[in-house]
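Each of the next two complexes has chain A plus one more chain, namely chain B in the first and chain C in the second.
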Partner chain A sequence: MVIVQRKELTFAERLYLPEIFRGLSITFSKFFEKPITRQYPEEPLPTDEVTRGQPRLVVKDDGNIACVSCGMCEIACPAYAITIDGGETDRQIEREPKRFEIDMLRCILCGFCEEACPKDAIFMSNELELADTTRRGLVYDLEKLKRPKSALQPRIDYVYRINKRWRSKQP
Partner chain B sequence: MSQPTTPTPSDKPATIKIQVDGREVEADPKQPLIRACHDSGVDVPMYCYHPGLTPVGSCRICQVEVAAAPGQPSRVVAACRTPVSPGMVVQTDTPKAHETRRECLEFLLKNHPLDCPICDKAGECDLQDYSFNEGQGKGRSSEPRRKLEKRKSLGDVIVLDEERCILCSRCVRFFQDVTHKPQLTVSGLGSRSTISTFGDKPLTGNYQGNLADICPVGALTLKPFRFQARVWNLSKSLSTCAECSRGCSITVEALRGKEVKRFRPRFNAQVNQYWMCDTGRFAYAPVTQPLAPAGSALGGRLAGAAVRGYGGLELVEVEPALAEAADILAAHPKPLVLLSPFATQEEARAALELCATLGVAARFVSPAPSALKDDLLNTGDPCPNRRGLTELGLAPVEPAQARVELAQARAALLIGERIQELLEPAELAKLPAELRLVVFDVCAHDLPALDVAVGAPTHVEKSGQWLNIDGHVGVLNVAVPPPAGVGPLERTLRELRAALAPSAATR
Partner chain C sequence: MDVPQPLIWIAKIVVIFGGLVGTAALMSLAERKVSAWMQYRIGPNRVGPFGLLQPLADGIKFIFKEELIPAGANKFMFRLAPALSAAPAMLTMAVIPIGGTAVIAGREIPLSIADVDIGVLFLLAFSGLSIYGVILGGWASNSKYSLLGGLRASAQMISYELTLILTILAVVALEGTLNLRAISENQASIGQWNIWTQPLAFVLFTITMFAETNRHPFDFAECEPELVGGFHTEYSAMRFALYFLGEYCAMTVLSCLNATLFLGGPSVPFWPEAPWFIGVAAFCLKAGFFLFLFLWVRWSLPRMRFDQLMRLGWKVFLPLALANLLVTGAFISFGAH
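Now for the complex of A and B:
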């Protein structure tokens, strides 16, 4: 048990109203300062290439997906969010994903998939918003994950810059 | 292949003593040095050497340091082409041995493409493993890698990627040493050497699939398995091939533990050595059948049970279906009981107990030998457990004879995987509707005579034993879970027996 010793109020404080007005003066002075909060859905947070948002798949300039479904991101994913089934193509690169699913409810946005990818096919985009009315709708498939390379270029350049020790040349 | 032999002390080959990495080990003088190293638990890398093939010493990755006797000068030799001699001192872990292996790997990797992300072999590739252990991180060559054909079809089973090939010639020797019908050769000179068939004809024979297994890199891949799965996502279970009475030891590999993707041979000295035939290798269609559509008993795997109602087969729980089956079998004395040759020993024993309760003799359906018989592995006999069922006292019955007897019977019980296929569903459909037919099979066919069908597991969904033609035990293990509602067949049979004679069934 703790006995709380209340502070003895002074005469000025016991007058009550002066203290009320002193408090309100702080409140009213804030009306004239620059707000530090943000009207979130209308005013989204600014993002840059350092933002580690949701993973997205690169579609190369020739229109083909960069992913070859090697399964490195699948095995690197600590949350088991990624499922890939490969298949054969007629292109020079013989393999491409037939099914590529990221369960965004499982994804913890750690970026291991980006680090593991040997083909520069998956990058953490600056997309942050995630909402749906069903769980199934948050399991993103190939169509929901594909992004043109130009949209991810700032992040690709950034990743090369910070990892230049082992990621030497961009394809 | 060979008859079973139990090794006796006199059979044991005379061994000699050699020293491997400072330990005295026994070595068989008929075997090359690399075998003695492997048998003593020392890992010596190998590409061209395969224990089932003649050694040629073409890849040079197995180089070790050898001295004739302790204190003698040592030199680096290829362990697969060096015979053992008494008192030999072998060192596998010296700087000199590692250096020669590293140099050898650099040559092998000079032209090997860096397409591991695409390659199906990645994860079980010897070149990956030894490069990781012995190789260097960076290539020193500034020359471009050679460009060859990436997708060369060698028949219906095998695709050759010429760029990935390291010319170990295991595939060439496989056809020379195992099937004794040479079909492949190394053609071209120098860096333009490639593996090709004689006259560019497609490969033939029932053993082509083994090439993909013995290829140490991803040069020879199986067409049906191409890009189907990453090998580290395959869960592997020891099992036995079901396609003939040889009962080759296999590994069943299932993608994420659910979908059977591959059957591969597993070394068994007394049954199949390292090999299996393509008939067995690609026989995963029967075990990857989809489930019957929801609400229906037909058109796929039967999950649960079905009984004939007014509107045809109706899905029910297993327990009422077994009660219905017990009613049918009790009401018609001396029902005909036929077992599938795919039944395990355990299932056959449960079926025999059931037959004792019914007072009838059980027989197994034994189709005629197929034309697949060859002098290597395939016996052509499509009954994987013929020997086991015969030893348990079950008599074989031809499908035609079985159908004649079924047409005359008033009630019949068909037990086991694929029994309807062996009796031919089209023929079974001609049976009179008066016949009360009870079937325990993986799926139900649309037969007018069918009254009760209970789902059974396939051979990759159950554990048990088969005896092969020579009496070797083939073990089955659960590789993928059976569909919900399908229990072990032994249990179904015991439950049926308990429903027939509650006092007789003590278990």
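Now for the complex of A and C:
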């Protein structure tokens, strides 16, 4: 059992007015402080290498994507968001995706595809904004997923740094 | 060329009434801006510069919203109530002198719509009427929240009206007139302001102002956690806006009244022969301070409990106001003021 000892109020406190003025002065002092509001569309969210945004395909410096359509990411994807149709290519790697689609409405941005990829072909970008007027428009195909390697480089470096157990050196 | 007198009357009505409604509209924006600034936010800033056109956007939205009338509501009363709440609040502005005498093109124009000898009485009578809108709206909605809100509001406004009238009475007794223009002219210099002779009445009036207009911390009529929206729970669209317009108009009028009764109305401190427009500006500043106080208090203090409100009204404010009146009366009759 707890016996609560109620504090006896002093006369000034029971008069209310001094305490009211104290309260008013507190709110008034906040009046001139800098607002913490971020005006979103004009001031976008700050992102960095840790940001796990939407997955994107790396376009190597020679202009080709690194993907060999092995299907690891497709299997790793817990939301079944990735669809790959592989095909042959004359390049030395022999296989490349003819169709590579990520349904952004299904994607949960978990990053499993990034971990699963044996060829460093898919990485989580810092792109977070996702809007369209149709569902079909949010199924991203190869052209919408391609990003130059330079744009994803900070994320690639970061992944190598934290996952050095199974990623020893960058190609 | 001589401008006919009716034209001057119409011009005065348009300017003062427009100013009142404009102030009420701006207050709806100021409410959100002030609350935002006090909470490290920015507030509405999308419509127009600094969000200044927000009231206009709100007005357009209110007009085009669907009007819902609940089943079982008394339709006639339901439609009438918001007007009954807003109209008296606007009418009372007619007797408030917003300035001394303007001199435009050699013509002297007293700056109030109606310069009546029973100004204080008129104002009190009409501000007492605005309670009908609240209680009728609450009753006609056929909703228990509305009814309870309306009942609470009426109980509260009646209790606090007594204190309000008694504090005004002390000033009236001191000035010996019910004419608001005469009262404000009697306080021409800062030493003659009634706040010095009636400090207790000033404090009581300022606090009672909040209860009279159902504003925080006395806003039991629309106490959200208990009564959803209080008396206007069932209202929507323009009729809902009308309640708010009435509330803001009542706030504006009471702020003006406070400035007139206690702060000398349009008198400028240490500048007795200031031109009339400076006087109007001073009046607006004084009234504006009280309007700001309404918002300031709303975003600082918690709401009281209803029994605390009643106890404060009947057991503290009423005896204080009576004692104040008694002391004032004693001073006047023994000729010591």
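What we mean here is this: the second predicted complex is superposed on the first by the 140 of 171 C-alpha atoms of A that agree within 3 Å, B and C clash if a C-alpha of one lies under 4 Å from a C-alpha of the other, contacts with A are read in each partner's own complex, and residues count from 1 in each chain.
As a convention for this text, a contact is a pair of C-beta atoms (placed from the backbone, for glycine too) under 8 Å apart; a residue touches a chain by one contact, two chains touch by 3 or more.
Because the structure is predicted, anything quoted here is derived from the model rather than measured.
Enquirer: Quick check for you: in the superposed arrangement, does A:68 touch first (chain B), second (chain C), both or neither?
Expert: First partner only.
Enquirer: Answer with first, second, both or neither: which of chain B and chain C does A:95 touch in the superposed model?
Expert: Touch partner of A:95: chain B, not chain C.
Enquirer: Mind working out whether A:106 is in touch with chain B, chain C, both or neither, as first, second, both or neither?
Expert: Touch partners of A:106: none, neither chain B nor chain C.
Enquirer: Is A:60 contacted by the first partner chain B, the second partner chain C, both or neither?
Expert: Neither partner.
Enquirer: Return first, second, both or neither, reflecting whether A:146 touches chain B, chain C, both chains, or no partner chain.
Expert: In the superposition, A:146 contacts neither chain B nor chain C.
Enquirer: Between chain B (first) and chain C (second), which, if any, makes contact with A:52: first, second, both or neither?
Expert: Once the two structures are laid over each other on A, A:52 reaches no partner at all.
Enquirer: Can you list the residues on chain A that touch chain C in the complex?
Expert: 17, 20, 23-24, 26-28, 30-31, 33-37, 39
Enquirer: Touching residues of chain C toward chain A in the complex: what are they?
Expert: Counting only chain C, the residues touching chain A are 36-42, 203, 296-297, 299-301.
Enquirer: Looking at the complex, which residues from chain A come into contact with chain B?
Expert: Chain A residues touching chain B: 68-72, 74-75, 84-88, 92-95, 118-119.
Enquirer: Which of the residues in chain B come into contact with chain A in the complex?
Expert: Checking each residue of chain B against chain A gives 116-118, 122, 150-151, 226-230, 232-233.
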